[in-house]
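In what follows, subunit A forms one complex with subunit B and a second complex with subunit C.
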Partner chain A sequence: MKCLSVDNVTKRFGDITALSGINLDFYENKIYGLLGRNGAGKSTLLNIITGRLFADEGSVTLDGTPVIENEKNLSRIFMMSENNYYPESMKVSEAFGWTKEFYPSFDMERAYDLSERFGLSPNKKIKSLSTGYSSIFKLITALSTNAPYILLDEPVLGLDANHRDLFYKVLIEVYSENPATFIISTHLIEEVSGIVEGVVVIDAGRIICNESRESLLSRYCCITGAVSAVDAFVQDKKVIASETLGGLKNAYIEGTVVKGSLPEGLNISGIDLQKLFILLTNKGGRKQ
Partner chain B sequence: MNIKAALKYRLYDSKKPILIYYLAIAGLLLLLFTSFMSIKISSGRVNGMEMASAIFLFVFGMNSFKESFRLFMQNGVSRKTVFVSQLLSALIICATMSLIDNIISFLNKIIFTSDRFSYTGLIEQIYGKQGSGISMAILSFVFCFSLNLAFLSLGFLITTLYYRMNKGQKIAVSIGVPALLYVILPVLDTILFKKALSDAFGKLFSFAFGSPFASILSCIILSAVFYCFCWPLIKKAVVRD
Partner chain C sequence: MQLNFDDERPIFIQIAEQIEDAILSGAFPEESQIPSTTEISVSYKINPATALKGISILVDSGIVYKKRGLGMFVAEGAVEKLRNKRKDEFYENYVSKLVREAKRLNFSKEDIISMVERGFEE
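Now for the complex of A and B:
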């Protein structure tokens, strides 16, 4: 199966290990959520995949051939960065034009259509765009490239709720029209949870979860009820976290529980992706 | 390879500053001409305006890395293409500007042709008359081209070097190099070497730039050396925010 592979990638910045032995496969035509807290290493990983940074160890391959300094492979990957890498004096329309020079499959018609839908003026200079519109400009560019692998680093940074909603709709439209692999790195987990098929959670430079959203969410559940009843029920189970509020307790456990086997007074519910992410990555703060 | 697109972008990107530069040159020449004509000046000379192009290209080279490198990285261009496109664009820009400069020089000689006002091209100013007609024009073109290339490549090397340096290294080089050239070496030369260093440098300079042909060769060798230093710097360059 065709895929973008990250093999044993390690990256250090001085004494800090930003990524440690990362192994990942991103398969074609799937939408992935790359989730992690601030400083977890998401952007570093994406920058290494696209060859903007060099890994200290390991390699990145596309269908078995190296990506770094390989223009055939680099032209199949487009990354929308959190930062702007276009000359500030360049107009939006010029940026579209130059992107088409480097990505001949760039859909100019779609770019202008999306610009109209998002209310972005193609005649504006990039430096004059607000944070939100700068993100919109970069999003439109990314979604119009028709590259087989599109990496979106914080795609909704500075976007208001309406624009975020429109972005998710457009993403699905583009995906339906031209299936591609999307890797979305974001903090807004709740918003992407309905879109992503694969979930990669990165924490302090290590992958702590890499599986389909469905299988991930099915492995965890929440047991709610009186403190003593919950404690008694979960004592032989793998509890990943718990919360007590008054006399009620929520115990988050890894493993499946048959609803019929629950004692009276206890309830079982699923855990949403955002809550699960918090539970998996919250260890009482982060070391800088 | 994205060389064609990268080269196209570099040439597009250079169009505006070069146009502004030549507009400024045209304005300056017009000012000189009208001044000579309208004000009661007994005599005047305009010399070697080609040198201004070399200085412009040095500054242009100093501004030729960061912005384009980021754009190229954004668009999946390899570092090899970044380097090759820079080299090709430098050759095209230097050749074009040398041609324009020689045309301007030719026109200046026609315009500033009276007994009171005259114009001398750079090569003639430095080395005296080196033949006439087409051979002089070709020699002047090649001379300007090699000079432009040396200045542009030096500017490009400096900016690439600074891009790769951290803050401390930048400060050290910014202070260290002028201090070495203008303080330490002259002091050492006077006290320790009894002017032997400056004599040796003078001889080397005379040897390297003593004739138009030696200058052309020296400038081309220097350009090649500067670009040879640029490649390893670009090869390991990463995108910085």
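Now for the complex of A and C:
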């Protein structure tokens, strides 16, 4: 099976273990959401995948061959990150040309078309771009490379609501036209929840969830009703969190409930991805 | 059209239902083309695989069909088919619930029938 594999990767910075025994497979032509709280290890993981950081243990392979020091494999992976690696005096148009040197399948026509749709002037110097437009420039570059694996670290940082909306639409257009594997690391979970097919949740350097969004969400639900009725119904179920409002209670449970088996007066609802993320990563609090 | 991401039903089911609603309302008449998978996924901002799964449900139940190279079209007789399907769901979702609640409150069958009649008159 064609995939980008992270095998048993561990990374330490001094005494701190940033990543601990990470095993992941990112399959061909799927969109993944890489979710985690600040400092969970998302960027470290992406940097190891692209060879910008070295793992202390473990390896990253693409279709079975190592990525590190392998130009052919590295040219199949493109990463957009917060850091800017282009010389600041370079113009946007020059940077597109430069990227094409490393990624021969870079689609210049798409890059200019997207620049126009986002209102980015190709004659501008990169250093003169605002935070939002700097992100837009990097996004357009990433979406034009046609690399089979595209990693987006906080792609919508500094983008206004209109530009974020446009980005998600453009992402789906590009993906429909030229399928590729996208790994999107973001804190705006609600906005990508319909787009991602696979969900990877990383917490304190460990993978706590790695499955399709659909199967993940189908395993959890929320039962709402009067406190006593909810308590009675969930007593033999795995409750992951609950909240009360006066005499009303919401119990978030792991496991499926057949709608017809619900006693009168209780309601069932799904849990959206962002809420579920909060519940899963709140466990045990958070220490720095 | 609106998707509800915290609905307990998966997104692909909601997509299928919304297209069904559009067919029932006449927005997508029989033998007319429905939006493509890409158009649906871009406008709802959902994964194309999810949109495709929603449309596949409609293909499997004979509501829409594929014209090679052209796209997806509403089948002849789709409205009738959907109305029958919705009739069954209507009974499940509304009538059986209504009768259960009526029995709980000790309303008679005649009470309920006269209320339904009143509903139709208003």
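Heads up, the rule we're going with is that the second predicted complex is superposed on the first by the 285 of 288 C-alpha atoms of A that agree within 3 Å, B and C clash if a C-alpha of one lies under 4 Å from a C-alpha of the other, contacts with A are read in each partner's own complex, and residues count from 1 in each chain.
One rule holds in what follows: contacts are C-beta pairs under 8 Å (C-beta built on N, C-alpha and C of every residue); 3 or more make two chains touch, one makes a residue touch a chain.
Note that the coordinates shown come from a computational prediction; the quantities given were computed from them, not determined experimentally.
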Which partner does A:50 reach: the first (subunit B), the second (subunit C), both, or neither? first
Let me test your reading of the model: by the given contact rule, A:103 touches which partner, first (subunit B), second (subunit C), both or neither? first
Partner chain in contact with A:162 - subunit B first, subunit C second, else both or neither: neither
In the superposed arrangement, which partner chain does A:195 touch: subunit B (first), subunit C (second), both, or neither? second
Identify the overlap between the subunit B-contacting and the subunit C-contacting residues of subunit A. none
Mind pulling up the subunit A residues that touch subunit C in the complex? 31, 165, 168-169, 172-173, 175-176, 190-191, 193-197, 214, 217-218, 221, 259, 264, 268-273, 275
Subunit B contact footprint on subunit A (complex, rising order): 47, 50-54, 69-71, 74-75, 77-79, 81, 83, 85-87, 98-99, 101-103
Within their complex, state which residues of subunit C touch subunit A. 3, 5-12, 37-38, 41-50, 104
Residue positions on subunit B within touch of subunit A in the complex are 1-2, 5, 8-9, 13, 67, 70-71, 73-81, 236, 238-239, 241
